[in-house]
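Each structure below is given as structure tokens.
Below, chain A partners chain B and then partners chain C, in two separate complexes.
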Partner chain A sequence: MRIAVCIKQILDPRAVRLSRSREAIDPRQAARIVNPPDRYALEAALRLRERHGGEVIALSVGARDVSDALREALAMGADRAILLSDEMLAGADASGVARALARAVEHIGDVSLVLTGERALDTGGGTLPARLAQELGWPVVTDASEPQLEDSILRAFQRDEKQRWSVSVALPAVLAVTRQREKPRYPPALRIAWAYREAEVETWDCDDLGLSPEEISARHTEERNLVMPPERNLGFILSGSPEEAARSLVAELRGKRLI
Partner chain B sequence: MLRPLRGLSMTEGNSARHSLKAKTMQDLSYLEALMGEPVGEEGYRDIWGLASAVEGRLSDLSLQTVGKARGLADGLGAYVRFLLAGAPDEETAQTLIAHGADYVYLAPGQADAETLAAFLRERKPEIVLLDDSITNRALAARVAQALDASLVTEAEDVRADPIDRALLVTRPIYEGIASQVIACLAKPQIVTVRAGAFPLPYPDRSRTGSIEQLSASWQPDAVQYEPAPEVASPPALTTARIVVSAGRGMEDAEGFALVQQLAARLGAAIAGDRGALDMGWIGPEQQVGALGVIVTPALYIACGIEGTTEHYLGMEGARAVIALCRESDAPLLKAADWGIIGSPKEIVRALVEAMG
Partner chain C sequence: MDFSFPPEMVAFRRMVREFAEEEVRPLAATIDREDRVPWETIPKLRQAGLLGVPFPQKYGGAGLGEMGYCILLEEMGRVCTSTATFIGAHIGIGAMAIYLGGTEEQKQRYLVPLARGEKLAAFALTEPGAGSDAAAIRTRAVRDGDRYILNGTKIYITNGSFADIISVMAVTDPALGARGGVTAFIVEKEYPGYKVGTIEDKMGIRGSATAELIFDEVEVPAANVLGQVGLGFVTFMQSLDVGRVTLGAACLGGAETALEMAIRYARVREQFGRPLAHLQSVQFMVAEMAAEIEALRSLVYRTAWLVDTKQPFTKEAGMCKLLGSEIASRCVDRAMQIHGALGYSRDFPLERMLRDSRIAELFEGTNEIQRIVIATELFREAGVRIRP
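Up next, the complex of A and B:
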């Protein structure tokens, strides 16, 4: 079975800071990492391969430096890594990226499962898995965990806002995974050395995929200004009896939508 | 002198030309609404929504969404049209109307992307509002991709640009450290609205609207869903949105049990400081601090932690901090957004109760 895993390179969201004076994101402290949910997707793909055989192909979109993310995927155990890199793709939004990834999955051929993280933790809206499924004409299961394969039926769990579901879907399908019990593996040293020194990251451009500029470059949305969260006012003590203080704290938290 | 039009906020600094442009657009839209047919080459008009009735009820989020749709529609001179899926009846349709809908279309069953996309392609809405949920996000994404529409998920705020009618939607980025305003360039403009982003509208039972039964039906989903047993699995510490952390101030096992109750109530991860580790309540992988785990949740609740520097370095990245301390000179109180001084055990018990 061929499994394609779509990964995104992002700025480490835990190290991104806000610059209030410039009303902008300050990325200077933030390293470029593989989007954490995508690493769980890769782990899930590797586990499926271990049980059922086949091939795991890591896919990403971006400039040449994104190949580092793909090398990490190779180190973890992916069989192939393909980077979709083209100037035309640089300005593409979620719709264009989904289209390019879908075309790449078709171009690879014989892929029966596409795995990806539930969302990108930078500015992602969590729409890519469903967009990709739409382009491929496949069903999608989002926010899935513990994928299992029985014959060509994929089973997984999904937790929505209310409850947990057991879902099953016939392949081919797109599956967007949440953080799983099984943590992404740490690659062995030899494999890391191989991935960064010798392994090949294939690079495809729009010509290889037969994509025309009109298909991917249309802009549907435009980012405008940032809205800063209110300044924190530290050291505020709630008074009264424990019950009174607790009630006013809960009201504060609900008002600020923290709970 | 141009008078500001109803529902249009004329911000300072708009030139007279802009105001005139806005006025013409407003009037054009009213004309369209009155004529009942599209004017202009695009013809994208009205605000559509999708709500789902479960056991004769609509969720609070659906009511917030229809209320927001009403507000936008008043500003833009448009009608609010809602598809009512699930198990709709006359009464839930009337509830939608009372909260702001003009037209309700009963469409029993579970909405699917193909049918919805085909429907919207024909109806050409200017705006589509959906409740933000896991299911609706995937539905909206498929529809947006099929229609080449603009889509913004998890909206915290939605307003229409008074000049060109484009929606300006605010949504969180980088797991909520700030919010980004996103302008919609393509039509239809699809937005999924976050729970609690907008107030629950006051129902007006005297509002009238039209209710129609749709003949077309939804397609079955290729994915089979069956209810699965719940497994209580607290979220991972480093990625949890809320972390509840215990310290020696919780006194004993009973105190720590209260902390566990609070965490379960909030769906939060459980952690502790060095003191909690020494008491045997938590494992080393749950110890927050420079020498343990570094956490960056949206909310960090420290129960009975006075606060050492070592602990502080592990949680300084939290976006909001609550400190429940016995001593009024506890160092953590100075680093907390809210502090309560007293017996941590009693306060945690009161908190669990106050959350209902």
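Up next, the complex of A and C:
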């Protein structure tokens, strides 16, 4: 089975600082990392390959330095890495990126499953899986975990706070993987050495994919403005005896509809 | 001159840091309290390929050289000195002796499983009567046909209680002493007569096992002589040189953690109506820590570069160990001073770090020995031969 995994390189959210104007991020301190949910998607792909054989191909869009993220995917165990890199793609919105990725999946050929992380932690949009599925004309399962293959039916779990249930989908399909029990593996030291010193990251441009500027640059989404997440409210300390404090804690949680 | 790390080293550090934070840090206090080796970490270290980092790929390693190995120990030193010590004894001196002194056959047989982490190594030099004066060792190896018979006792051997493969120094010719009379051997723990004695009850690095090893008529095949007969000191001193660089790296990691803790605490702890960060006495301590750490970092990675580019590095290795251990101890001590009584509490990692850091001034050659090593090299360059 041939599985494509979409990988996005983002600025490490733990290290990102905001500039003084608080309207832009200051990328100087922040390392570029693989979007953490995408590592879960890659882990799920590698587990499927280990059980059923086949090939895992990591796929990303961006400038040349994004190949670093793909090398990390190779180090974790991906068989091939392909970077879609073209100046035309630099201005593309989510729909343009989805179209380019879908075209790449078709260009690779014989792909029966596309895995993505549930969302990118930088923009937090989470629309890529659905857009990709639409471009490919395939079904999509979002918030999926622990995918298992039975014949050509893929089963995965979805969950809410209270329960989880199993969903099945016929391949080919797009699956957006949420955080799951199986943590992404550490890339073994030996594969890191290979991935960064010797491995090849294939680079495709729009010509290779037969994509015209109109197909990519037509913007279907518009960015109105950026707002910072609300400041966290400070906590407060409950006073009184342990019994009283416990009672007021429960009341407080009930009041906020948390329990 | 380019001071940036190559991309594979950046990626390797990222992986090791995540590993250290997720797998090693959560156990650091537990193994110290429970006085035990972090057994649950070892298979994970093996899986991540972290037990053979510096060795070439053809010997089962990752091929990341001394620089990669320094990164590994710096990151481990940041979170757990016991785990760093375990790795250091396994790779840096145990397996390294076989890599540097072994024949191709010995490397295939012993280094490959060690580098893959399938077997674990120790390095046995110290004896009750021979510490800094390593030439005073009394463990005897007597040739008997195609084998040697070993008798004697080694003490303070890191990983000794569980190591599968032990590099051992023994006297083959008492008349010649250190110059021509000492030979290195590879001993397997299954050899009859090999026994683990008492386990040391230590002040620090309590998560690493330090054992007494007893050799009672142990038969070792002559094929297990490491390096040349009579030249054991050369083999062992070379491994110790390499080990000293990475010991400096582990100390660098410990010192960095101490500095980060000091800064974090000085930002939030208020006295006299404002955070400690505004007190000049605290600023001075933090500034001195940072300056020493920066100097140590440059020294450690420049020395790693000397090793990887096959240039002489004995003097610099001594400096890494000497300065590294003293800087780490000073930084932890200053961080504790900034934390006040909180730093002295066992609920907080600083008291463990203080106990752990002290060992680095003692083992793998005391700091006094390092000074002699450095001075010997300096005088050698000036045409004077220092004799012990």
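Note that the second predicted complex is superposed on the first by the 212 of 259 C-alpha atoms of A that agree within 3 Å, B and C clash if a C-alpha of one lies under 4 Å from a C-alpha of the other, contacts with A are read in each partner's own complex, and residues count from 1 in each chain.
One rule holds in what follows: a residue touches a chain if its C-beta (ideal position, glycine included) is under 8 Å from a C-beta of that chain, and two chains touch if they have at least 3 such contacts.
This is a predicted model, so every value here is computed, not measured.
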item	value
First, second, both or neither for A:193, with chain B first and chain C second	second
A:213 touches, of chain B and chain C: first, second, both or neither?	neither
Chain B versus chain C as contact partner of A:121, first or second or both or neither	first
Touched partner set for A:253, first chain B, second chain C, both or neither	first
Greater residue coverage of chain A in the superposed arrangement, chain B or chain C	B
Which of chain B and chain C A:227 touches, first, second, both or neither	first
Residue ranges of chain C touching chain A (in the complex, touch as defined)	6-8, 11-12, 14-15, 18-19, 44, 47-50, 52-53, 57, 61-64, 68
Partner chain C, residues of chain A touching it in the complex	31, 33, 68, 71-72, 75, 185-193, 195-197
Residues of chain B that touch chain A when the two form their complex	113, 133-135, 137-142, 144-146, 148-154, 168, 170-171, 173-175, 177-186, 196, 221-231, 233, 235-236, 239, 242, 266, 294, 296, 298-299, 317, 319-320, 322, 328, 333-343, 346-347, 349-351, 353-355
Complex contacts: residues of chain A adjacent to chain B	13-14, 16-18, 25, 36, 94-95, 98, 121-123, 125-131, 133-135, 139-143, 157-158, 160-161, 163-170, 173, 179, 181, 218-229, 232-238, 242-243, 245-247, 249-250, 252-253, 256-259
